[in-house]
Amino acid sequence: MMQMQAKLDTIPAALSVAPASIVKMQAEKLSVYYGAFRAIAEVTLPIHDRHITAIIGPSGCGKSTLLRAFNRMHDLIPNARVEGKLTLDGEPLYGPGIDVVDVRRRIGMVFQRPNPFPKSIYDNLAYGPRLYGVNKKATLDDLVEKSLRGAALWDEVRDKLHQSALALSGGQQQRLCIARALTVEPEVVLMDEPCSALDPVATIKIEDLMRELRNNYTIVIVTHNMQQAARVSDYTAMMMMRPDRAGEMIEFDLTRTIFTNPQDKRTEDYVTGRFG
Amino acid sequence: MPRTSFDISISQLKVNLLDYGARVERVIGESMESLKTRDRALAEAIIQNDALLNETRYELEDQCYTLLATQSPMAHDLRDIISILMVAIELERIADHAKNIAEITIYMGNEPLLKPLIDLPRMAELCQLMLTRALDSFAKQDADEAKAVAAMDDEIDNLYKQVFRELMSYIVEDPRTVTRAMNLLFAGHNLERIGDCITNIAERVVYAVTGRLEELNVQRQI
Amino acid sequence: MSAVGQSASRAAQPILPRGLIKTKNRHHTRRITNLAMLGMTAAFTLFAAIPLIWVTVYTVMTGAKYINVEFFTELPASVLQGGGGVSNAIAGTIIITLIAMTISIPLGILAAYYVAEKPNTRLGLVVRFATDVLAGVPSIIIGLFAYGILVKPLGTFSALAGGVAISIIMLPTIVRSTEEMLKLVPRALREGSLALGAPDWRTSLVVLLPAALAGVVTGIMLAIARGVGETAPLLFTILGNDHYSVRQIVQSGVESGMTPIQILRELVLSPTDALTLTMYRYSQDPFPERVQQAWAIALVVMVFVLGVNILTRALTARRLAGRS
């Protein structure tokens, strides 16, 4: 039974979309400004629960900017502001009385380059829970193991939990970062080009991991690699830069449709590698 | 930004396919000619030539696989290559049907025809026209034209029904004609199958152009 | 037939000659030029290194013979008696440096953190500018400043005044090196922490500072080396004290029933001495033995500063090696 489940999990994304799924996050006319400059213009995009949504598009089209708006990473930039509506389970994420810490706990993020803290593997993973007041060793141990198992890294590092995380290989480091994001038990995991610094073998491992995580988490991935979007995602959003340099979403559909029969000519040009 | 070398590869592949299609189209006419004029030498030549036609199909297939494996084609490119692949297979099947007709010519030997051939050459001509137009629609990426081509299959089917009825009446009248009638019926059947293959080609054209997989001629008969 | 993948590359006519060129002459000239240039750079390098080597060798040769255990453990003896040591100056230098570190390290790191975090705010720019200016202020002026704000109001020369003066000398080095190190910490690291919901201060304390730690320590060590080598700011602040002895102050303090805080006050607020200051005074002394002791002190200070520098280099090298 378990084996069967495992097999089902690894069915290519495009073939296994449940027809009716719940919308976990919804962006509505979401715009991001840096001062007077509009980086993202009125993006309306549903993120389906327990599915993988890929955001693709040429460089500079605002993919990462959009992704960062999802867990309010723009709060860090002094003159950035967000307009429009963004909801998680129907609740707005921007607005008075919303604690950004809470938003980021529920919506985790994995970055382009593996960024483990210069600490031991264990401390990397315990960092998040400790932030939220979990200090009991037994509980921490459990969380560490659970998240490492979740990120398919447990067997590789179980004997060296107290060694520096920086001694791991690039691919392992990135899986550690995924595990670290999982330690605070998020509902959504945002991934900003998670494989761009990795070799093909490590990339495939991360992609397999994403397909497994999809059973329990909602994943949004920004990627330059169209093949990757095609391989892992269930839905794909295509973004482009408008003449005024603001990024907009031009097409959103099932991944299989985007990659076999896109409706927008620009999407077609992009996925066939003719964009320039 | 065009993908120059990839684009050249795909257009070359298309040219190769159209070239192949033209050769197959010719064979349909030649096979009917061999039957009509009882030209056994021509029939022999057609049968020998079929091996070459089969080979071409494998070459085309191989070229498609190479592009699929090395270029990761997407969207229209993907549909184009898949369509070329499947059209090549249909063309080879058409050539086989034509070869079957040539084999009938040889099988019949010097035996006189049961009746002057009228409907069968008409069918063959229709097949040739259909195939030419189908390949044209692929070259021009014209889905409407492809649908119009598929509609022509009805006419072929009707002619086949007519041939069938006519030959049946011969057999009923004089059971000794059964072998000769069956030969012609079999030739007709091959032509009818060619029409079906061309309908499939038209479907591929529609897929390549629109991305929609649809059956074009539903009331088609087996 | 198989035209797929056919490439239209035509062999271009080469512009440069093909094959190996065997011109004996050219090869020869090139080698000679090469050797000449190499010889010249080596000569200049050696020339630049001469002062350092000279100073080192001369100091070692002159100073080493006057160094003995007494030199480190005894207070200065009267010139007529002969012998004695500079334990007062060693203790003073240590105490002054500790005071300077206590002030400049936290202050420097916090200022550096601010400058690194908010480089373009008004305060950030002011702090950076002030740091740069401070680095260029002659150290004797800093000594005068400490005299003005501490020695005069307190009515006494003191280790505290010396420590404050040295801390001001050390501050720019610490601020600049820490700032650079914090800037080197990848942005991604900070984001990784913030994305887990960590507040800013926690991110800085738990993630950024440890990541920059090796570099920050390097900066601090260089600052200490600089501070220990300073003389001018001490002229107006610690006066010099032949009898400064930590042991004696603690002993007499305990005997007269002073609290530890009071003892510490005594240590910090007494006039004290420092190695560089003693060296400066001794070098001008008419008694040859004092001049010889000055050479010995020079050797001790030099070894310390060199040692710190070498250690720093080693730390930096290891950090760089670890990064690649």
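Order as written gives the chain letters A, B and C; numbering starts at 1 within each chain.
Following the convention adopted for this analysis, contacts are C-beta pairs under 8 Å (C-beta built on N, C-alpha and C of every residue); 3 or more make two chains touch, one makes a residue touch a chain.
For clarity, every value in this text was computed on a predicted model and none was experimentally measured.
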For this session: Mind having a look at which chain is the central one, using mean CA positions?
Result: A
Exercise. Among the chains, which has its CA centre at the largest distance from subunit B's?
Worked result: C
Problem set entry | Rounded Å distance between subunit A and subunit C, as computed from the means of their C-alpha atoms | 45
For this session: Would you mind pulling out the distance in Å between where the CA atoms of subunit B average out and where those of subunit C do?
Result: 88
Exercise. Approximately how many whole Å separate the CA-defined centres of subunit A and subunit B?
Worked result: 50
Exercise. Tell me, which parts of subunit B touch subunit A in their complex?
Worked result: 1-3, 6, 72-79, 210-212
Exercise. For subunit A, which residues are in contact with subunit B within the complex?
Worked result: 226-227, 230, 259-262, 267-268, 271-276
Problem set entry | Partner subunit A, residues of subunit C touching it in the complex | 186, 188-189, 191-199, 202, 206-207, 210-211, 322
Seminar exercise, completed: Within the complex, subunit C is touched by subunit A residues 71, 73, 76, 100-102, 104-105, 108-109, 111-113, 115-119, 127-128, 131-132, 166, 177, 180-181, 183-184
